[in-house]
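In the part that follows, the structures are each spelled out as structure tokens.
In the two assemblies presented below, chain A is common to both, partnered first by chain B and then by chain C.
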Partner chain A sequence: MSVFVHAMREAARHRINLVLIFLLPFPLLLIPANGGGLPFGLSLYGLLVLYTAFLLGRSIAEDRMKGIIMRIASSPIGIGRYLGSHLAASFLLLGAQIGLFLLGSRFVHGLSAETYLRLFFLYLTYSAFCTSFALAWNNLFRSFGVSLSLFAGIASILCLVTGVSLPLFMIPPQVQRITMYLPTYWLAFGIEALYAARSSDLLLSHGILAAYAAILFVASTGRKL
Partner chain B sequence: MWAAPRAAHAAIMAALFVLALMQTTRPSAGAPLLAALLLLLFLLVWERRSLELAWLVGGCALFCVLATIFHELAPLLVVFAYVFAASGAPVIALVPSTLSFALGETQLAVAVCALLLGWLIHRWRHESNELREQADGLRQQLYRSEQTALTLLSDHRDIQRLSQLEERRNVAERLHDNLGHELTAADLSIKSVGALLRAGKIEHAISAQRKGEERLSQALQQLKGAVSGLDPGTESDISLVTELFERFVYPVELSIEGTPPGLEPHQLQLMHSAVKEALTNVSKHAVPQSVHAKIEFTDRIARLSITNDGILGRSGSRAGHGLRYLRKRLEAVRGSLSTTSAKNEFTLVVTVPKGRR
Partner chain C sequence: MIVEVEEVIKRFKDRLALDCLSLAVESGEVVGLLGPNGAGKTTSIRAIVGLLAVDEGTVSVFGKRQDGRNKEIKRRIGYVTQELTIYEEMSARANLEFFGGLYDLTGDRLRERVEAVAAVLGLDGRLDDRVNTYSGGMKRRLNIGCSLLHEPELVIMDEPTVGIDPQSRSFILEFVKQLAEGGTSVIYTSHYIEEVEAVASRIYIMDQGHMIASGTLPELIARIQGDSHILVDVRIASEDVRQQLRGIPDITDVVLEENQYHIVVPGGISVFDQIIPLLAPLTIVNINSKQPDLEDVFLTLTGKQLRDAV
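Up next, the complex of A and B:
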């Protein structure tokens, strides 16, 4: 059995993951837009992706905490392949979730196909960041319980001040000048740019989210096992 | 201890980066933030992958060009200046720091601080590495010494075994060459007595019997000689140990309790070595007013304790190479060596079990 299949099975073993991936996104489709802009559920979905990515990264965290990672390190698999397979599995499941969510949105909101395609790629970049963030975050803790409880608080605040769980226009510009350093801001910014058809800003969102993802990935994988 | 420069380096780099980022993205633009993030990614990969300095020079050159076109990127050059200084290239570090200052985007104090901090971190890391190498060298030396001690102990056991074999061969030779011949001659004489008596040659029989008796007498003498040669002479060996105390430069109050016999020659040799080592240590590390020595012989062990006062400095509390090696030798025969130091008095206790292992 390859590590990728093992990672997929591990993800499917926890029912909460299946609920997060296949059920929870759909109620978000019922949240309407606040004035001008795309439906707010599309922005709030960013919070769900963050939590889903974190819970999908559970098996890596648990492997490290139980010391299984040491056995993997001494096996002929190699840590790069192990980590790559796990992240690919998480990324694939997140991609499936995004696909299903956007498919549902197509039926509920009926936006243009081009908008959905751009949204799909924006969410994909964002989910890459979320996966790296979850990996880096779990590196800081020895217990998954502590990691999860702290993450729940931090992620909620992060999404609240960056326009993911609160519309961006409700956040004062002075606060935005600070929160623009936070990565989740660039999802809300990207969705807004998508609605306003500002392609360069959308590209900027992609770039910044990808840069954050790469930085967090390099920072977290460099740590000793 | 070794992680301290690394942690300081990471903290300084993070602080400088945040400072530069705040200046770079003052007008709330996303593009400078993206540039700053790419710079951070580049530096992370460069450090993690231990890339050549040429990569850093290339990256810096690219950013310098970009900064001359987009002035808002100039504060980021300070981070480059710091990284160059911290990598031991202060001359190259002058280029980005000067350019950053010349473009009017960075204060002189910040640029100078970045250079100085980078240089300090470089020196700190350098000294830390040197210390680590020294510590590693000392650890290796200690390991080699311990290996040598083990090899010596093993050789000592081999020599002991070979000596025993040699001694057995000598005894066998002596028994065969002298005693064996005499006994054979005596046996033949006694057998001839019977034959002569049956033949009625009484005079010859008496003569043969006398010869046989002489042979037996000589064999008895040779047996006594051989036995006395084998006897280790425990009394005299103990006197060898006590002689060490008598010859010592400081007067020693010696008391012996119990009966000395029962120790193997190599065990007595160990006692001898222990006394010699202890007395050498006393003369090296103390100016004693009194030295008390006590040798006790019980049914199972021989125990030696030596106590002295007048310890010089604090060297008495730690075992040196001599004592460490002696302890290993004693432990090899299931003996022990312990030391205590209290109230300016140093005590060394050695126990050696009696009998064979």
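Up next, the complex of A and C:
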């Protein structure tokens, strides 16, 4: 059994993952646009991606906490391939979730194909950040339970102040000047840019989210066993 | 030489975990690493496995420098971790298949090896059961089995019998002997003297990051062979009396443990007429004289008994 197959099986073993991927995105499609722009459910979906990525990272966290990572590190495949396989599995599942969500949106909202394509890639970049964030976050804890409970609080606040779970126009500009340093801000910013057809701003969102993903990935893989 | 560790130093911040450690493992031998918790056993074997970079000195495995990146070295080592590093929610078969897959075993070859390892470890009857339904001893055996699928030439076992019943312990010790008879080199760490005595052809004794002695069991015992050991149990022991006993010129060492004095005397010298008057007021319950064993070697070299040091 390859690590990739094992990672997929582990993800499927937890029913909550399947609910998050295949069921929970769809109620978000019923949330309408708020004061212009794209339907707000498309922003709020960012919170769900963050949680999904975190829960998909559970098996890596548990492998480290149980010491299984030691056995893997001592084998020829090493940590790099192990992490790569797990992240590929997470990314594939997140990609499937995004695809299904956007397919649902096509039926409910009926936006243009080009908008969906751009949204798809924006969500993908964002999910790369979420995956790295989950990896880095879990590295800080020895118990997944503690990690999860603190993550739930932090993720909710993060999404609230950066326009993911509250429309960006409702956040005062003074607050936005601070929250723009937080990565989730750039999803909301990117969705706004997409609606307003500001391609350079959309690219900026991609760039900043990708940079956050890379920094967090390097930080989390550099941690000692 | 299978493993050669030369003057290795490893620090964790300000703590010196390994202090000029040297050891060697030859082909087909079982080397026992004996020492209390914190002696540096696990650090030593992680350096040999390649999970830990050393600060100074060299670690060579199969004649090549171990830097943790050489896949060929990794392919030839089986590492049995101290913790149970298996998936308890999966079946034993799925565990063995997954960990075998890490060594590029696939298809029929993997299936053959899974069956063979399960049979030799006595798990074949319950191979498809979930591991969380296993007893502690069965989990330990599976933990060992997951490191043997690729038929390693060197098996490194870090306290493989922690927390199991005597029957399972005997099974594992017998299994280690069988491995060695089959030509596999084994490094076996433990803080149980009787385990190391039972399996190891050569023993390294560690304490606080130092290698304090090495050799075969007879060689180690010969180092203290000249000494006699007198064990005196009293009703209520006193530190003052220990000091007085220590002051007797013919006595090499006195260790007090609970209500027992462990008196070390050079061979051929009788000290009973000197010790009895000192001990009698404490009410002597029992006096015993014994032949030295590995426990005495450890006591003589470190000044403490291993079970207290753990």
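By our rule, the second predicted complex is superposed on the first by the 225 of 225 C-alpha atoms of A that agree within 3 Å, B and C clash if a C-alpha of one lies under 4 Å from a C-alpha of the other, contacts with A are read in each partner's own complex, and residues count from 1 in each chain.
Everything that follows uses one rule, which is that contacts are C-beta pairs under 8 Å (C-beta built on N, C-alpha and C of every residue); 3 or more make two chains touch, one makes a residue touch a chain.
Small disclaimer: the values here were computed from a predicted structure and weren't measured.
Q: So, on chain A, is it clash or fit between chain B and chain C?
A: On the shared chain A, the partners clash.
Q: Of the two partner chains, chain B (first) and chain C (second), which one does A:13 touch, if any: first, second, both, or neither?
A: After superposition on chain A, A:13 lies in contact with chain C alone.
Q: Regarding the shared-chain residue A:113, is it in contact with chain B (first), chain C (second), both, or neither?
A: neither
Q: On the A-aligned overlay, A:201 touches which partner chain: chain B = first, chain C = second, or both, or neither?
A: first
Q: Regarding the shared-chain residue A:67, is it in contact with chain B (first), chain C (second), both, or neither?
A: Once the two structures are laid over each other on A, A:67 reaches chain C alone.
Q: By the touch definition at the top of the document, which applies to A:181: first (chain B), second (chain C), both, or neither?
A: The first partner, chain B, only.
Q: For the superposed three-chain arrangement, which chain C stretch in 41-49, 59-67, 149-157 or 221-229 runs into chain B?
A: Stretch clashing with the third chain: 221-229.
Q: Which stretch or stretches of chain A touch chain C in the complex?
A: Residues 1-3, 6, 13, 66-68, 70-78, 225 of chain A touch chain C in their complex.
Q: Can you list the residues on chain B that touch chain A in the complex?
A: 21, 25, 28, 30-31, 33-34, 37-38, 40-41, 44-45, 48
Q: Can you check the complex and tell me which residues of chain A touch chain B?
A: Going through chain A, the ones touching chain B are 173, 176-177, 180-181, 186, 189, 201, 204-205, 207-208, 211-212, 214-215, 218-219, 222.
Q: Under the touch definition given earlier, write down the residues of chain C that touch chain A in their complex.
A: These residues of chain C touch chain A: 49-51, 69, 71, 74-75, 77, 79, 81, 83-87, 89, 94, 97-99, 101-104, 146-147.
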